[in-house]
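After this come two complexes, each holding subunit A, first together with subunit B and then together with subunit C.
And now, the complex of A and B:
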């Protein structure tokens, strides 16, 4: 396949020089030595080396067929939410290798779902889990270990009830609250510069911790609200962020989950609730989940997804052990679903 | 931050003053402005990112252990009533914004005053061993009521040794500010509050109330400016609470719910919802609501209208509520006979 030089990741001025010298495609450059390139295109030696390196990296890439991609995707597991209706609608849970946005009004359960996922991604392989680790970017300060302990306890209880064979019973001995907490890496980001910096350092972190399978940003809207003066810069930074998240998700086989606020938009006389950060950001996530209220019921709707049917399911947030914990009280999985699916 | 001198000079040419400026720009943008090669730009970005990092990622386990080591109650500010502390899992969170809304006469200010006294107790009694900053925007500070509450502390806090109750000089540690407009509130929060917090004189800020200034200063049609000012105010409060590890309590008014669209903000248990809309609601971590009920309760020669304190949302609390009553010595939970 012939690849134009303009598509390479090089500085614009360098690309212009190469094209002016008559180089159109990467195939034109493959056989050249740095010295020849310096002479022919009038670039410095260092630039020439960089160009040839870029060509070589791209030359190594092979194209995949649709079948290979399908097989690759089937190997990736999903993160179960333990909310059976939601898992059903999402075809087994939140997909690994894709970006998902959870939006909703304050108090509807965005953070709860994130905390639940941070625990669920650690479910052992023999239970059909992913057995991964989590990196959790907390921008609002709403990550409270107290609640994670609640959810971890409920999830362990749930899994131990499911354990049937010896392998699962052995796996349960290491699936404890302590290990669950130690597999959640927390980063507190106070503003968007800190968030961008951390995401930039993420590849180094992932080299040390290759088992990380989930990245959570709770919430992505909060740090960007500070940029109310310069909307064009906000848009540009958000674009950069969305590209970065997509490349993290695909290159490291990770599920990326971000939460977003809601905002009011006036359309004619009526006001509507829409996800914050504008329309352009809406293209960033692969899957968009909306959590909302219908009177006293909590509902989750799939707003956007290339591979799931639009659906609305009901969910609950349960199991809040009292401060003085009551042993006899029944413990349910922390997010358990009730009622039926209403497809739209 | 930079590896060599030549790199440094190119940054100055590109007018990048601080490390933070580097991260504002995208990779290709940086390349154009600094005329560095791709790999050098990556190096620069990594160096800048490392300089901006405050902490390395910590595990939740480390966080959990360090929280346990600090005595349990210093993470929460006790509401000085076991029933309410049970509802709030220990009290008001430290380092976060809590909102308390309700109709007039629901008892919001009463609870605010009570917390100003509770914060002065040592951590083993649910306090933070520090004072409080009380910012009034609506009314005169209810100083007589405060004196009455101070006198009633020995009754309210019968769990605390009486020697401790008598040696705390409660009124010396409450700093009162009156701000009649938004500008003076911002000055107070940006200049005076950091001084008090920085010296450790204060670890609780009560704003009574946030709604009144916004409701009187802005017309219905400049909601854009209003939202902007709300964000400025909330980011100031966020900064103070996080930087100085303080509790922030914002008292808010309520608005009536007319339209169906307001229903989508939450399950409506009453006909009112907190004022200032979604832009403000996105900024608070814990939202509490005080409702005034029809019944009255009596105790000896005192009687009080029954109220209900409800948790609307919080990341660590269930939606729940407790009946409370306002007595001479303060706000207390009421256990109603079935």
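And now, the complex of A and C:
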């Protein structure tokens, strides 16, 4: 089958030049030398080389069979949250290689969960952790180092209590508050331009720091809440962003976590709280986690996931040190999905 | 517009080509649309020779008619109907996915589009023993989920592994990569993936809207052109290689709050059959975890538009 030139990844003006010169399909170009193309189409030498390169790489996309993918997945470890009910609902923690959105109202614990994940991802391999580094995009200024120190101290204490063999004791000597903090790369982004620009630079950063296993954007909603003249432009940018994040997550085996605000939507004469940024953005994250209140209880629900069962679990945030953790005696409302969890 | 080249047809040699270029005739289209008599004078070539070249070029580039009877014969011999593995969906689709056609599933987040796609992939690879190509553009596919679905079908590990091997997965996240892949599949890739026998019967793109929406909106005009490219290559592939194409799409709300498939009117002509999946909202609960979905047939050339309730396997 002949492939039209318009489907190539080239600038639109260059494609128009080629078509005007009578080249319509890639098969018209494939035997040409850059010199001939320059003469026939009136493009510069560099453009000609670019065109011929685009024509020749065509078609060599690699596929995996389901079995190969399964083997690859089995080698990946999830990031434990140390909230066993949430870990249970997520089949062992936050999956790497996927994008996850955490949405919820202010104060419900979105940032807390992000900070905790930033520490949890660093748990040494011998403790069943991922032993990775973190890149943290802070768009709201909510990253508090003191909180991270608290979480790190608590996590180190937890791990040192678990340490049994020599290997784990050795690992503990380098698992300190200082190393934990130095493994977190914080990027403060003030608007969506800074955020998008940083994400474009990310592939280079990841080449230098291949151990990064978690990317956090807290929050993705805030930079996009500014006034946009044209709302469709915002949609386009957000869709591009989501494809970029998925691509990074898959190619680098990283967990990508973004947080999102809630907004009100009127349905009939009732108002509902729904995640912000619109319906289309709802497709962007692979997994969508909702943190919400039920009277005085904090609940976490999996709203969307292609690989987990929908579930609701209860969690709490302890006062000192502030930690998102299990509720000691789970008392769950009858209609919540706790019953489903046990019925598994 | 095809550029004129030496050896395209008898009589079109280097000298004549040079003369034609000098007369500003570069493409087949230029040659056909110009006045032959005048051109013959300008290029100092015989009128007869030029007319012969013109006739050959026209014959080379024209589409040719096929009789309806032949077409019907071919249809009967080559079309297969692939069951989706979900009886209520099969009923809506008039017994399943037809090869040679594009079927679309649209729905909001968590409406079960991907789960239906997984189900179709597993059903075709396990029950029909055919190869499936799965283009994942949202990162939603996990092999462990496929395995989970296979385990409910068979307890034989070898059969599970064989079925997984018949599913070929592409993780592609931008439209150019997907176009590369689809054109690659058309020019030999489809035969290549099924070296072990059998043939590719279904190509699933989940989701097609994730590819196109980053290019639509704002002041971008290229998005439309690329959308047409995707539609064209999918249609050609479905027809020429007898595969069933299954794509997923998002939904948008029209002015009066009605849910409709995304990507606008121009895309709506692309799929032959469209199904809208929706969550069945339970009354009071703010977060519902029901695995029940409603499926509505909104476009079909065979069935009357109708709705059905279906249980999407959200968990086994």
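By definition in this document, the second predicted complex is superposed on the first by the 256 of 344 C-alpha atoms of A that agree within 3 Å, B and C clash if a C-alpha of one lies under 4 Å from a C-alpha of the other, contacts with A are read in each partner's own complex, and residues count from 1 in each chain.
In this section, a contact is a pair of C-beta atoms (placed from the backbone, for glycine too) under 8 Å apart; a residue touches a chain by one contact, two chains touch by 3 or more.
Here the structure is a predicted model, which means the values were calculated and not measured.
Of the two partner chains placed around the shared chain by superposition, subunit C is the only one that A:98 touches, whereas subunit B remains out of contact. Residue contacts after overlaying the shared chain place A:312 against subunit C, while subunit B stays out of touching range. When the two structures are aligned on the shared chain, A:292 is found in touch with subunit B and with subunit C.
Of the two partner chains placed by the overlay, subunit B and subunit C both lie in contact with A:233. Residue contacts after overlaying the shared chain place A:213 against neither subunit B nor subunit C.
With both structures placed on the common chain, the touch criterion links A:73 to subunit C but leaves subunit B unconnected. Legend: residue contacts after superposition of the two complexes on their common chain; A:263 is shown touching subunit B, with no touch to subunit C.
In the superposition on chain A, A:158 makes contact with neither subunit B nor subunit C. Contacts of A:12 after superposition on the shared chain: both subunit B and subunit C are touched.
Subunit A residues 9, 12, 233, 236, 240, 272-273, 292 lie at the interface with subunit B in one structure and with subunit C in the other. Residue ranges of subunit C in contact with subunit A, taken from their complex: 1-4, 26-27, 108-110, 114-115, 118, 125, 133, 137-147, 161, 163-174, 176-177, 179-181, 183-184, 186-187, 189, 193, 207, 209-211, 213-222, 225-226, 229, 232-233, 236-237, 240, 250-253, 262, 285-287, 289, 291, 314-315.
Listing the residues of subunit B that touch subunit A in their complex gives 20, 23-24, 26, 28, 31-32, 35, 37-39, 45-46, 48-50, 52-55, 57-61, 63-64, 67, 85-86, 89-90, 93, 95-96, 228, 231, 235, 238, 242, 261, 263-268, 277-279, 281-282, 284-285, 287, 312-318, 320.
Within the complex formed with subunit B, the subunit A residues making contact are 9-13, 46-47, 50, 54, 105-108, 111-112, 115, 135-136, 140-149, 178, 181-188, 190, 193-194, 196-198, 200-201, 204-205, 221-222, 225-226, 228, 233, 236-237, 240, 261-264, 270-273, 276, 292-297, 317, 320, 322-324. Only residues 1, 3-4, 6-9, 12, 19, 21-24, 28, 40, 57-67, 69-70, 72-73, 97-99, 230, 232-233, 235-236, 239-240, 242-244, 246-247, 249-250, 272-273, 279-280, 282-284, 286, 288, 290, 292, 299, 301, 303-307, 309-312, 335, 337, 340 of subunit A touch subunit C when the two sit together in their complex.
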